[in-house]
Every structure is written in structure tokens, then in C-alpha cells.
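All chains are identified by letter, namely A, B, C and D, in their written order; residue positions are counted from 1 within each chain.
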Amino acid sequence: MNKRKIINDPVYGFISLPTDLIYDLLEHPWLQRLGRIRQLGLTYLVYPGAQHSRLSHALGAMHLMQLALETLSSKGIVITPAEAEASAIAVLLHDVGHGPFSHTLEHSIVTGAGHEAITAAMMQKLNQEFNGHLDLAIEIFSGNHKKKFLHQLVSSQLDMDRMDYLNRDSFFTGVAEGVIGYDRIIKMLFVHNNELVVEEKGMYSVEKFLISRRFMYWQVYMHKTVLAAEEMLKLILTRARSLQKKHQSISPALNHFLSHQTSMDDLKKETILHQFAKLDDGDVLQALKIWSDEQDSVMAFLSRRLLMRKLFKIEISERPFPESKISDLVNRLSEYFRISPQEAANLVIHDSTSNHAYNPSHENIHILYRSGEVQDVSAASELFTHDALKKPTVRHYLCYPKEVSSR
Amino acid sequence: MNKRKIINDPVYGFISLPTDLIYDLLEHPWLQRLGRIRQLGLTYLVYPGAQHSRLSHALGAMHLMQLALETLSSKGIVITPAEAEASAIAVLLHDVGHGPFSHTLEHSIVTGAGHEAITAAMMQKLNQEFNGHLDLAIEIFSGNHKKKFLHQLVSSQLDMDRMDYLNRDSFFTGVAEGVIGYDRIIKMLFVHNNELVVEEKGMYSVEKFLISRRFMYWQVYMHKTVLAAEEMLKLILTRARSLQKKHQSISPALNHFLSHQTSMDDLKKETILHQFAKLDDGDVLQALKIWSDEQDSVMAFLSRRLLMRKLFKIEISERPFPESKISDLVNRLSEYFRISPQEAANLVIHDSTSNHAYNPSHENIHILYRSGEVQDVSAASELFTHDALKKPTVRHYLCYPKEVSSR
Amino acid sequence: MNKRKIINDPVYGFISLPTDLIYDLLEHPWLQRLGRIRQLGLTYLVYPGAQHSRLSHALGAMHLMQLALETLSSKGIVITPAEAEASAIAVLLHDVGHGPFSHTLEHSIVTGAGHEAITAAMMQKLNQEFNGHLDLAIEIFSGNHKKKFLHQLVSSQLDMDRMDYLNRDSFFTGVAEGVIGYDRIIKMLFVHNNELVVEEKGMYSVEKFLISRRFMYWQVYMHKTVLAAEEMLKLILTRARSLQKKHQSISPALNHFLSHQTSMDDLKKETILHQFAKLDDGDVLQALKIWSDEQDSVMAFLSRRLLMRKLFKIEISERPFPESKISDLVNRLSEYFRISPQEAANLVIHDSTSNHAYNPSHENIHILYRSGEVQDVSAASELFTHDALKKPTVRHYLCYPKEVSSR
Amino acid sequence: MNKRKIINDPVYGFISLPTDLIYDLLEHPWLQRLGRIRQLGLTYLVYPGAQHSRLSHALGAMHLMQLALETLSSKGIVITPAEAEASAIAVLLHDVGHGPFSHTLEHSIVTGAGHEAITAAMMQKLNQEFNGHLDLAIEIFSGNHKKKFLHQLVSSQLDMDRMDYLNRDSFFTGVAEGVIGYDRIIKMLFVHNNELVVEEKGMYSVEKFLISRRFMYWQVYMHKTVLAAEEMLKLILTRARSLQKKHQSISPALNHFLSHQTSMDDLKKETILHQFAKLDDGDVLQALKIWSDEQDSVMAFLSRRLLMRKLFKIEISERPFPESKISDLVNRLSEYFRISPQEAANLVIHDSTSNHAYNPSHENIHILYRSGEVQDVSAASELFTHDALKKPTVRHYLCYPKEVSSR
């Protein structure tokens, strides 16, 4: 009774830590580290409130999991206490392998492994430390548990992860349009043939959820100013790696990853995981300050710019940008900064991003009718009967120093 | 018209940047730095939502200033556009001289100057950069402007600073009890004999504001777990300084301040201000990681503990702790850790904190009656007619490693 | 200065009454009457919080008008103080001619005139009382003012009326999904060629607004239980009129309208308007109690049922119900209640309702691109490029006493 | 599974109806009637949002009861399912005997019995209808159950009734200062020696709760304009009764109570309860319209005034008003309206109201310390160590027609 069991959360009021194991996991340095990693990376440059951490998101998603399990239990779905705890743990740990600014820097820091692989490796290691008590959680997380709906609560197009991040990102950015009726959706959850379904009368709420997600995608996650800042950060890290020199003043952990290629196999080494577990936003932001005084002028230029919020210009288009426009930009950059065209080309980013309001090809959302019939939401909802929201929306962007405005 | 003029804020919805000068100030690296300093330091260890930055607070306070000036104008108080801009700037910059964790580390990093002195120095420097356009703002900030009520909006027991931080800290910690009726209080502001007053019918709101502040003081600002963490951090910085060695791996800026005593005179040097302006939370948190592997075992012990959230035990009492209890703790620590009693003594913190719900001796809050009479709120309100809320509440605390529990 | 100028509103915090004329209008008994008429009629039977009045909606819409005018002014659109006051008045009065439960009973009480005609007549009469000071407001309201955008703020698919009612109905029902980003949309309003437009970056917010409106339509406004209750109420009023007898115990005003046919011409008579202005929800709800003890057994049956919340069964379908099903129901009702088939037929309601997410054929919403180009939102938004949201959605319903369940 | 079990509530999101019995009670016409009675009577004349019903309050209090019982259960306090249901019912029905505007009209309509007596009688009658299934609920309600803490959750200075009404009234009036940290207080509840207690760390929240209640008392419940309106209403009902004539056009139920004295014994008669159960706000508001055209000029004057919001002037004072001032007012009224001094005296109301922030003499709030010690909150809290908040605050008021302003 002397373990602190209730945590204040601005989004949901209070979050309960249901068991001692969960309390102990939360205290673990690998979880505490998530308290020093922003959920939305550099987004705070545009939305000053968006400083919330991955830790608060993990707690929030765990809270929603508890609500969802209560709803299902109250409707007669059997969920044992062990399964309930394991489901909560699965979602609490689902992002434990994220590094700093991982949306942007995923392969710039740890070259050979994405956050999913790192998460899996860290879970295994934690399971050892906790004497196998995470077995069931890992089973659920990885989709190997017989109650498939538990996995779907952790990972699907209507999982507790998404519900919390939409709520939370909307809350902290102050973008009211991202608000979702998470409590209504959760109250409408049910299980049918071992699959998670939403009862018919929750369908409009699901539609709204998908529209909110689409809204947040373009208004927040892909905000053009944030995108510009992130592309600059990516350039900086790439350049840091390419300079292939000792980065004495930056943190030892970041130095390690920038001086080495990391492979999937490396994740099996405890030392690598421990190095990784030292990384947080601070390692990168502190390095930017060091690099602002770096001899390499491109590094210094980019780092100083980013810290001073003098961001690249960014253009968005529904169509790819013509090659001629890009080469023109490169030429002007080369002239303006007196650098080689090759170097100048590194400063012009052209890329694209795409988003599905709803992807009907996997991890689907199913609607259960009173009649007992089950339909995919893309068939059930009028909003989705046409292609617009099922096909990914693609946007091309072109990003370069402001000095050379495109004509 | 191409400067971004509206900023999303989760507390107030939208914040407008009323003029180009304010926009440019906000973009200045010294203001942007506040985006990397948490308003509540280590409070996020207890309230995971409390990651909000000093920048968002500065913006919020500026927003409330605009609301207050609108209210006063609508009641016939003359405020020129220049005064309105200057008042907004004064409050926007009022905390610019805060360093990382400055509530805790105020004199541990910059030994000879508090944040007010640094703020004053930075404002002067900014004023040079902006060609004297901050003259009026500085006049208001420092209380030298003839319209005294403008200064009172920036700094008094009912200033926009306090209103915003109560709102904001309450919002981000999720502690509903800190909510204040800021809009009602602002609507009730008036000016009488050149002094800021609150109209009679706003008195209950002022009472609530003072009670909320008291609530937040004990529930959040002096939360015992946070206090323990902060005391550990202070110990660490003090020890770092005393080790008197080159801290090669920590940031150059932090290294500078830990290797030197800084005097008030130093603030006149541009280089010192620029060093200071490089400091943010990251410098300290990154140093903690370095120090976790430090040779000095006390440094390593404390740093590792803090990062792993294994915090000191803390006891609170209305009375000072007896000397015998403290010496007993020191002895047991000395034995337990096999360190000298002098070293052990450094690990036992006994100190006190005090808080006024309302301090009737300066920067008073005045209530204006319909009759034209003005009274101090401590005389006007029944809540304050007795001493309890006018006298400071004092709490003593004793903080030490958990290993040696006190008997 | 002694007129109360600020009103608490749970949705927006505070609403200011900007001028004395508006204050006096608000105090007028015809406006005060709206405080006794529920905005959502019988919806409180399903959503217990939905007791909010038409008066609070009128105030809310007026508040949004003020915000919109402030935004437009700050962008350089010229709006004179007289136009601002008149626009506020136009929206304050836009629903003054609504009767009790007017969504349902529009032509059941006042047979020959809808609420728009009554509103127009009441505005004219008020204008006389206020010595022509409403001339400009009426001009704007009726679309005859040269600044067309002012009328569009009062009445269009993106008017302040809709914005407030979505906000407000969502707030009071507790249906979070109806929340709209009204402040963002308002901040994005502009005027182009004398027409109201939304700046490009507000487009996603407009999409969300339209989706929210669609959501509220099906989830709240057409909630099937509410629909059943309303249809019962309509039956009752129709029967009351048909009984053609003196309704001595019901209110004189309601009695008048139930005993007479009212024509458009009647609205010119001051006495008729005064009779109408006496009607509020109470007249109808009190009559239900009287009619519960009525000799006519159908009246008594229906009234008692409605008061006791024993509502009709309602079925919803995308297709019209087959005649055979309806006649079967009528027969069984006739048997069950031992009434004639004609009477039984009156107890079976088959009707339909339809809703446009966005109607591209009138009062359009226009998006202004940075390029200066203007597009209809249905062309600009991917959501609306297909027919689904432009075509009305039609739902048929069948409503009848529970006693005879349909097979 | 076909009984609707979840209800939207704007204050708490969703309210669950935990059992079929509770569902059936809620559908009962006596509960449904509470949906037509405003929780705050005429307060909507000042706070337009305050239209919320006693039904929504009853549901809200029941919801908080469920949260409180969950908390207590999770801390090991044994509460059987039957006790949980009965506690929920007790609080759901705690106000069932309130009549329209009962805060004001308690003894003006039903002369010989207060709402507590009527509630008790109605509960007994409901218990008959429900075949004794309310036995346990009535036992808890009336304080006869052995688990005293269950009764304290229903009725004490920290009961679910008060928590909900502060939350709810604050929400609907839009008075942010009334917000309480109900969830924190509930999480801190515990049982000690069969009595409800609050754990030590909830003490500041209890203080805030008491201060909020005091705030709401003076800012909302005793708002002077509302008080004036209510006093007018009371005058009108008293006069209606005294005219001792048949009130043919008003509702039969109201007519009954105004034509008869009702005694406590009458409550045993089923017909009286049924008459009472027909009364709601509509009966009174409709009568006001009838009485506006009443021959008796005082009745007509007062009724018209109230409907038109031309309210009496009201003065508030800490001291009783001097007799001379009152007699002077009476004389001037007599002259002005050409009525007898006796009649004029009826139009001048002098009365007083008092409020305890905390009444230490009964239904106390107890704080449980970690040490196991229990203290009354008035001893535990510094706020209450002095008399100010324990002694009732008394305010005298004088209320009369505006025509004769007092000198």
C-alpha cells in the first residue's frame, strides 16, 4: 500500500497503476528515459505547448487500455487478471524503443534498426530483469496470444496507442479539431469471433476518429514548418556521421552511434541497448549547440539556423517538383554560399509524404451490426464508400535555405 | 502581413502577436532558449504532464496582459498603443534571465547573480540590439514609468505572471484545484489613483486566486518528492563545483559557470551573457549522465540516483528537526556508505520553506468599493481578517538517502 | 456604466453586451421568452443535459459575431461601429420567432406561418418600439445590405448561428464529437469580392466543421428516441386541434392558436404577435398534463405516454417501408386498442428525413487560396470530391406504439 | 441487454446505470418529473446557462457515488453488490420530493411539509411499487444502516450530493471558481471506525472544496438579482393563496395546493402525493402568465414584472436595516402605488441569509493522518483554525420595487 498508485494526468485526470509490477516497470530507467523524449519532436517550435513526453503518452495509452478492458468485461468478455495486467504492460512498453526525435532520426542515429526492432529487444531484456513476468505481455504485443483482440487493442487502426496520441497531441498543441470521442468509442467496443469490433451505434464516432486523425496529420504532424525543421535536423545528423571524426564534446552515447553503423544483430548486445537507453532529446539538442561552433561550415550553418529558428523554406505540392527547378536551386545555392554543387545538392531536400485516412488493406476496423453482421468500416460508412479516404493522399515537398527563393 | 501572428496555446486557445517587434523578439534565440527550459524544473518526475516551457508561460502572460489592457481601455483608462506594446514586451521578457532549473539552481550555477539581475542585464542587451525600441518596456518593467498600474500588471501580487503560471501549471500538472477565474478577475480590474485595483464584486475571485496559489504551493511547487529531487540536484551541482576540475565532457557553457565564480559585474560582459544564454535544461541533464560515470563516488551515486528516480527520503515538519536526529542520521550514513562524517553531513539536508497566502506588507491587492473607498484585500475579505493567511506558513524538511531510515 | 454588460456563459466564458441598445433588446420580454424555450425541444429526454435555451444560443451566436468582426477588422476589412452593432443585433434576433418545440410543432401551432415569417414580423414590430434603430440590423438580416458578407455571417452554411449551435448543442448534450474549432475558423475568415471566404489554411477546419455537423445530425438532432417523442408530440397537437373544442384548462395563448388557423396576414396584427409571444415550452408541457386526463382516449393515451417516457417504437431504414408492413401495423393497432382503422392509421407515422453534409447549391462556403483563387469547398476538399457528402442522405422511419411490435 | 445503460452527461462524459432496478426507477414518472424542474430555480435569469434539471443532478450524484464506492472497495472496504445498488438508489432519490423552485417556494406551495418529508413519503410509496426492493436504500438514506459511512456518502458535509451540485452548478453557470477537485477528494476517501474520512493528503482539496462552496454561495446561490427575483416569486405565491379564490386557469395540481393547507399527515395519502408529483416549473411559470392579467392589481403587477425581468431593487448589508428606513419605504410605496400601508408593507422584504463555510457542529469532515489519528477538518486545516470560516456569515437584505429608491 506504500507504492504510489495514482498519477495526475492533464488529459484524463487520474491514471491508476493497477499492479506492483507496473509500478516497478514505470520506475525503471528505460521508462523514465521516455520522460525526457518529446512525443512530437520539434513540433514545439510551432506549437509551444507540445512539450509532452513519450512517457505521458505511454501512461495515457495504458489508461485507455484499462477502460477498454473494463468495458469488454462488463459485456461478458472473459479477461483474466493476468491478461489485463499483461495487456496494460504491452501498451505501456509499446514505444520503449523510440529514440530522440525518432520520427525524424530513426535511421540517422541507429542506422540498421527501426524503433520496432529496438522495442522488441528492450522488452526481451526487461523480461529477463523481471524474471519472465513479461512473457504474457510480449505474447500479446507480438500478436501470438490466442485472444487476438488483446493484440488489436495494442496495435491496429483503432488501438489505444492511436486513441491516446490523438487525444494527447490535440490537447497539448491546443488544436481542438483533433479531439476524439475516445470514451464513446471505447464504450462501443466488443469482441466478435475473437476480433475487436465496434458496435453499430459507434460508427459515426469511428468516422470522426478517422477524420480527426487525418486532420492532425496535415495540421500538426506534417505541419510544413515542423517538416522543414526536421529535415534540417536530419541533414545535420547525416553530415555529422559523414564527417567521420571524433565528436569529443557530444555525449558518449550519441558519439557511439554516430561513429558506428548499428546492425540488427547489435541489438542482442546488452551494451548496445544500454548505450541506446542513454539517449534522449538532450543528447541531440546539446550536440546542436556544440556543432554551432563546428569548423565544418555546413554543420555550423545548419545547427545555428535550427537553434535560432531560422528555418528552411518549404514548398508543398500535389505533384513532384520538376527537375529543372531543383537544379536551378542547387546552382543558386552553390553560388550564394560558394560551395560545390555536390554540397549544395545536400541542402535541397525533395521528398514526399503520404497519409491514409483509413487503410482498408490491414489491421482493419470492423463494425458489428445488431443483426450480427460484421462489415469493414470502409464498407459500412458513407464517408468511405468512395476512394478519396481509402487511397493515400500524397504530398511532395521541397525544402531549402531561404536565401535562394525559388522563382 | 507575412509574419505569423497567431499561436496555438492549449490553455487559452490562441495567442496573438500584436506587433512586428514582438514577433521579432519571440524569434530571438534568447527567447527561443526558454522553449528548452521547463517552467517547473523536475516537477515532471511527479506530474508527468508538467513538461511545459518557460516560453509558453511568457506567451501566456503576454496574452493575459493584452486582455487586461483591453478591459482597462474599455473602462476609459487611457493606454497608448506604444504603452500597450511596451507592457506586452515587459511581461514577455520578465523571465528571460532564468536559467535551467533556476528555482533550484539559482546560485549553484551563476553564483553571484539571481535571475532578476540577469533578466535586467539581458533586457538592456536586447534593447541595444533592437535600437532602443525596448526603452519604454524596460521603464515599465523596472517600475519607473509614470503609469504605475502598468508595472503592477507586470509585477505585483495580482500580476499577469502569477495569473498565467497558476493557470498553466494547474493545466499541465492536471491539478484541477489550481484553476483560477482569471477572466473574471481581469474583467474586474480597474485603475484608481494610478494604482491597479479590483472592483468590489471581484473580491471573491481574488480570494479564490489566493487560495489556489496556496494550494498549488503545497500540492505542486513544494511537493515533497519534487523537493527531494531538487535538493539532490543542488547537492550534485555544488559537489561538481567543489571538485574543481575540468568537466571536459559537459557542455562548455555549464563548464564555464561551474569553474568560475560569477559576479554582478560579470553581467556587463557580453560574452558572459552569451555563455549564459546557451544554458538550458539539457546542459544539466546531460551532465547528470556524464557524472553518473564520474570517478568521485558521491557524484556518481547522486547522479545515478536522480536519473533512475531513486530519490532521497524526505520528512516534513512544522517544527525544526532536533539536532540529535540529524547527527544520528549523519552517523548512520557515514557507517553505511563508509564515508567521513563530513561527507555524510553533505548528504543530509535540513532546511525550511515558507509561503504567504497573501503578504500584506508589499505589492498589495486593493479592492475598490462602489462607494469609492479602497481597501487592502486583507482587510476587505473575511478569509484574511485573521492572521492565518497573512502570516507565512513555515515547513521544515529533512532529506537524506533512503538507505538510512530515520527512527 | 450601470447597465450589466457581461454575462457568464459556460461555453465561451464571458459574453459582452457591447451597446446599450443590445442590452435593452435583451431585456425585452420577447427575448426573455427565449429563455423559456429549449433549443433542442424534447432532446432532454435522451440527453439530460440538453436543457439549454434559445436565449443562450442567441447570445452565443452574437458573441461569435463579435469575434468574427474583430478578426475581419484586424485584417483591414472596414466595418463601422453601426454595422458591427447591427450585425450583432441581426444574429441576436435571428430566432426570435421560434415557438415552443418549433423544430417539431412549426405548423402544428401556428398553421400558416413558419418561424422565419414570424421572426421577420417580430423584428419589424421591435423596430417600431425601438424607433427605427433596428433598420440596419434588418437590412443585414434580410440580405439587403450592400456588404453581403455581413449577411453571410448571419445566414449561410458557415454562419455564426450554426457555429454556435454546434458548439452549444455538443457542450450541453455531452457529445464531444460535435466540438468544432470555431475559433480557428473565425480566425481564418476573410472577405473577397464582398463575399465571406475562408483562407486556405482553414480548409481542414471547415471540413471538420461539416463532418461535425453531419455527426450531430444523426447522433443528436435525429436521434431515434427523440424523433419518436417528437412525432408523438406532433400527433397530440394535431389531435388537439381536430377535436375542435374549447380547451379551457390549457393556456389562453395556446388555446387561441389551436382553435384558429393562422395566416401570414395575421402576423401583421399586433394582438396575434402578442399572443404568440406568450407561448413557451411550458404552454405545451402543461397542456400535456391536462390532456393526460382528457376524455378523448387517444389524446389521453398519447399524452400520458409521452409524459411517462413510454415512447413509440421507431424503425429506421434507408429505403421506404413497404405498404404491406404499414397496413399490417394499422390492423394490429386497430385490434389491440379496439379503435377504427382510420384512428389506428393516425398512430402509425411513416416519414423521412434527409441531411446534407454540405449543400453545394446555395449559400456556399468559399476557400481563398494564397494565389488569390477562390474555390467552393466542395471542389477544394478531397472529402467532398465525391458525391457522398454533397448528396443528401435520406432516412425513412416508421414509428408506432410499442404494443404491436412489427414482424 | 436491451435496456439503455449509458447516459451522456456534459459534466462527467458518461454515466452508467449499473442495474435494471435503477434503470426502471429512472424511467418512473416521478423521476422524469425532475427533468422539468430546474436545479437552480430562477438563477437562469442571471446565468443564462443555468437551465440544468434536478434529474441531471440526481444522475450526477449517483455517478459520483459509484466512483466513491469503487475507490473504497479498491482499498479493501467491504461493500456488497446489494449495498452498492442501494447506495446508488439512495442518492438518486435524495431529492425526489423537491417541488418547483423549492429553494424559494418550499412552504409557499406545500404549506405543512418540507422537501425532506415529501422525499421520505415518496420513497416509501416507490418502495411499495417496487415490492420492497428499496428497503436497503431507505435504510441507508435515513441513517439506519449499520455501515454509517454509506449514509455519510449520501448526506454529510462531504457527500456526493454537494460534490455534484458544486461541479454541476459551476459548469452550467460558467462560474469557473466553483470547480472542485472532486476526483481527487473521492480518491482520498477511506473508512475509519465505520466513519467516512479523508486521507491526510486530501486535506488541501477539502479546503478548496469548502472555499468553492462558500464562493458559489455568495456568487451564485445568493446572487442578489436572483434573490430579488425569488422574493418576488414568493410574494406572488403568498398573495395567490391569500386571495382565496378559485384559480381556474392555473393547473389543477397547483390550484389544489394553493387552495388548501397541507399537513404532514396529508403526505400519507396517495392522492396528495400524486397531485404533488404533477407539479413542475411549468405550473408556476404558466400561472405567472395567467396572473399577469389578474384583476388583483398587486398580483398582476408582480407577475408582469417578474416575467419581464423588471426586478425589485435589492440592498445587502452586514447589519440589519433600520426600522426607520423600512417604514419610510413603505410610506413611499403606499403613496406611489396608492395602496394601503399594509399592502405596501407586503412589498418590502427584509430578511437575512447565512452561510457556513464549514459547520463544525454536525456531519463533520474528518481527516485521517498516516499516524492513524483522526481530526476534524476545522482543527486540521490552518484555514479553519480561526473563527471566520466556522462561524456563519450573515447578510441582511432589503428588497422592494425600484420605483421608490431608498435614500
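Please note the rule applied: contacts are C-beta pairs under 8 Å (C-beta built on N, C-alpha and C of every residue); 3 or more make two chains touch, one makes a residue touch a chain.
This one's a predicted model, so the numbers in the text were calculated from it and none came from an experiment.
> For the pairs B-D and A-D, output the one whose chains share more C-beta pairs in contact.
Result: the pair with more contacts is B-D.
> Could you check which of B-C, A-C or A-B has the same interface as C-D, with more than half of the contact pairs identical by residue number?
The pair repeating the interface of C-D is A-B.
> If you average the CA atoms of chain A and of chain D, how many Å lie between those two points?
Using C-alpha averages as centres, the distance is 50 Å.
> From the mean C-alpha coordinate of chain A to that of chain B, what's the distance rounded to whole Å?
Averaging C-alpha atoms per chain gives centres 32 Å apart.
> Taking each chain's centre as the mean position of its Cα atoms, how many Å separate chain B from chain D?
Centre separation, chain B to chain D: 43 Å.
> What are the residues of chain A that contact at least two other chains?
13-14, 175-176, 183-184
> Can you list the chain D residues touching chain B in their complex?
Those residues of chain D that touch chain B are 175-177, 179-181, 183-184, 204-205, 207-208, 211-212, 215, 218-219, 382-383, 385-389, 393.
> Using the touch definition up top, name the residues of chain C that touch chain B in the complex.
The touching residues are 6, 13-14, 183-184, 187.
> Name, in rising order, each residue of chain B that touches chain A in their complex.
7-11, 13-14, 27, 29, 32, 35-36, 38, 44-45, 47-49, 51-53, 55-56, 59, 171-176, 248-249, 251-253, 278, 280-283, 285-286, 289-290, 307-309
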